[in-house]
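In this document, chain identifiers A, B, C, D and E correspond to the written order of the chains, with residue numbering beginning at 1 in each.
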Amino acid sequence: MEVLILAVLVGLAIAAVRVRDLMAAVAILGAYSLMMALLWCQMNALDVGFTEASVGAGISTVLMLAALGRIGRREEGPSRAPLLRLPLLTMKARLRRAQQLSRQHHRASAWGAVLVCVLVGALLLYGTRDMPQVGDPDSPANRQARVAQYYLTKSRDEVGPANMVTSVLGDYRGYDTMGETVVIFTAALCVLMLLREAVGRGRRERDA
Amino acid sequence: MKETPSLIVRYIARRAVPFIQLYALYVLGHGEDGPGGGFQGGVIFAASFVLLALAYGWGRGRASVPEKVADVIAPAGCLLYAGIGFVSLLIGGAFLQYDAFAGPGADQAARKTAHHFGLIGIELGVMLTVTASMVILFFEMARPAEDEAAEEGATFEQAGHIPEGPRAEESLDG
Amino acid sequence: MHDIHVAITVLVLVGVLITLPRALKGPTLMDRILAVNVIGTKTIVLLALVGFLQVELGIDRGAPADDFSRAGFWLDIALAYSLINFIATIAVLKYLERRAVRHETGATKETP
Amino acid sequence: MRFLVTWILLAALWIGLSGHTDVVHLTFGFLSVTLVSLISHRHLMGDGSLSTLSGRLLRLALYTPWLLWEIVLANLDVMLRVFGVRSIDPRVIRFRPELQDDFGKTVLANSITLTPGTVTVDIEPDGTYVIHALSREAAEGVLAGRMEGKVRGVEGGS
Amino acid sequence: MSVAEIISTVLLALGGLVMLAGAVGVVRFPDFYTRLHAAGKADTLGQGLILLGLALPAGLGLVSFKIALIILFIFVLNPTATHALARGAWVIGLQPWARDRAGEQPAEEDA
């Protein structure tokens, strides 16, 4: 069954890469992260699966689409300022030359990329050979650190929730979670600074 | 211009919104014994506003979460989280030590309840921040260009089935 | 019951696999979106099925036999996904239609 | 009024979902339900009074079994066509049902989408339905208007 | 096996078959609109059957309530999504394939 899920995942990944239309790619990525969520659930990592399903498949799809909408608009707008046209032309010429050059190198660099991917993949696969089995009680993390076992045995009494993920997130690692919340807030702040400011400036310039 | 989402989509989307919101809060409230928590709940809650904006156009969606409200709630969530930490510090516990809320010398059961409320409190903080942040992200990214704003406005007028009720801002920060 | 659940899960997964070529090949953008939507709806069922499978595995390992309530956790995710899938589909279509309206041509040629 | 109905509906949903009856969960549930009702009660019940709503829900419940049966038939039909037993002959038709408001239109459109060989493609501003039918019989089935009559019954006279 | 389990097995098998048929239809049908028929209807019913089959042995309770809720949502949201898909295709100008117009060749490129 895991094999089937993995097969679907690989198929979706290929589809997402090969599709030219960005919108289709976004949609396929949504399905991809959904299959990923299924895989997490299959491995009993419910909270991760939930996050993947709601964030990866839901909000990030919508956000990417919204971003696409912006990009699409930018591309279609003809450059209004005539002064800009001259540097743009030279830019275009330069770009064209760069494209010609890159086309020659394209094939070589593609093979280079393949080589790097295969090499890194092989190394990673080699690395997994040393990894302990999932849930192995004798793995180094469990044997030496004993953190996991502490959580497993004590969290019910010390913290309370039946879901240990919540105990760890909210209690043992409360600082981290606070930091994460701040990070999300910061992301929103960045978008506010970049986009809302730009809109405001455009409006002011037009009014002036 | 044709109304972009059809009548049926708008009808169903609008009816689905309260259920999505309640479900998001359910996810938040039951994060202790099932999957979920503030983050997932917040995302789903934000998704309900996104759905509203998709169905009724940017302007209508924006009206249900005014800019100022989202801007205030995002940091308020962070502050709620940190504030719980500081309050526990003031009472005499460690930073974010929730059982301190039960007061010194409380019995085991009281400490447990205090702990539970503390956890829900911080999860609520996470959720507020995540919801508001996602709403900000979406609405800023999907903001229609100047030339399209009028068009969106037209959709909003045509779709004006929503009677004026109490506005959302009073109730959202509860 | 366990074997049957496994069999159905595999059956639905095969269904997903069959749908994959539509996402890969198209031929049109709409076909891809349809395939994605179909995979999404199938996954809702898969989530529920996997939940029951995991619970049954737990029973094999000695958990109480009537403890199907744990399957509710997986159902939570499935429920969330049924809502999210709808929103995502609507979002894709909304932006697609907006793009089409902007181009404002009778028949937009969609490149696969 | 709308607020109260929404509140009751959502509270029932919460109790069903939650399954916990301790103080913490109930308190939180109460707050959540109230909050959502405050924000969104105008979405759930945009129009109509309580009596039309309850009547509609009741008639919708009565309508559902018939619809379910139709859905089963729809699937048999589609399956036969998938495996090539019956051929397909798709076409697009238009028709204009006499319905009162959005509720009826939505119910009819979704019913059409779910039943044999027809999908609602579009509703034009004047209420004309554009329907894609998989076969001639399916198209004629819609034009015969049996479903429209049923949905009008669900809508109720008001 | 109890009666409930037998019924549930039958429901599960039926649902699986219906979903599989839907998937086959998505691949075999000639154009987008016909595929939509296969996908929209088969998935809705298949999901309903499978979920019902799962709910039966679990008995009345939290699990079956949640399953009922999922089924309800699916039966409302799925046709709406199907309709939205159809309308999307209609708005961007995808022409439906018709037997007499396109002849033998399915209108694969008729985008």
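We take it that contacts are C-beta pairs under 8 Å (C-beta built on N, C-alpha and C of every residue); 3 or more make two chains touch, one makes a residue touch a chain.
What you are looking at is a predicted structure, and each value in this text was computed from that prediction instead of being measured.
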(Q) By that same contact rule, can you tell me which chains touch subunit B and subunit E alike? (A) C, D
Q | Graph separation of subunit A and subunit B (steps between touching chains) | A | 1
Q.
Please tell me whether B-C or B-D has the greater number of C-beta pairs in contact.
A. B-D
Q. Going by CA means, which chain is nearest the middle of everything shown?
A. C
Q.
Could you work out how far the Cα centre of subunit D sits from that of subunit E, in whole Å?
A. 16
Q. Roughly how far is subunit A from subunit C, going centre to centre by Cα mean, in whole Å?
A. 20
Q. Taking each chain's centre as its mean C-alpha position, how far apart are subunit C and subunit E in Å?
A. 11
Q. Residues of subunit E touching 2+ other chains?
A. 22, 24, 36, 44, 61-62, 66, 69, 73, 76-77, 80, 83-84, 87, 89, 91
Q. Using the touch rule from the top of the page, what residues of subunit C touch 2 or more other chains?
A. 14, 16, 33, 35, 69, 72-73, 76-77, 79-80, 83-87, 90-91, 93, 96-98, 101, 110, 112
Q: For subunit A, jot down the residues that touch at least 2 other chains.
A: 46, 49-50, 54, 58, 62, 66, 69
Q. Every touching chain pair, please?
A. A-B, A-C, B-C, B-D, B-E, C-E, D-E
Q. Which bits of subunit D are touching subunit E when the two form their complex?
A. 13, 16-17, 19, 71-72, 74-75, 78-79, 81-83, 88-92, 109-110, 113-114, 117, 119-122, 130, 132, 134
Q. For the complex, which residues does subunit E have touching subunit C?
A. 5, 8-9, 12-13, 15-17, 19-20, 22-24, 26-27, 32, 35-36, 39, 43-44, 46-47, 50-51, 53-54, 57-59, 61-63, 66-67, 69-70, 73-74, 77-78, 80-81, 84-85, 87-89, 91-95, 108-109, 111
**Q.** Residue ranges of subunit A touching subunit B (in the complex, touch as defined)
**A.** 46-47, 49-51, 54-55, 58-59, 62-63, 66-67, 69-70, 73, 159-163, 165-166, 169-171, 174-175, 177-178, 180-182, 184-185, 187-189, 191-192, 195-196, 199, 202-203, 206
Q) Which residues, counting only subunit B, touch subunit D once they are in their complex? A) 6-8, 11-12, 14-15, 17-19, 21-23, 25-26, 29-30, 48, 52, 64, 113, 116-117, 120, 161-163, 165-166, 168, 170-172, 174
Q.
List the residues on subunit E that touch subunit D in their complex, please.
A. 18, 21-22, 24-25, 28-31, 33-34, 36-38, 40-42, 44-45, 61-62, 65-66, 69, 75-76, 79-80, 82-83, 86-87, 89-91, 96-99
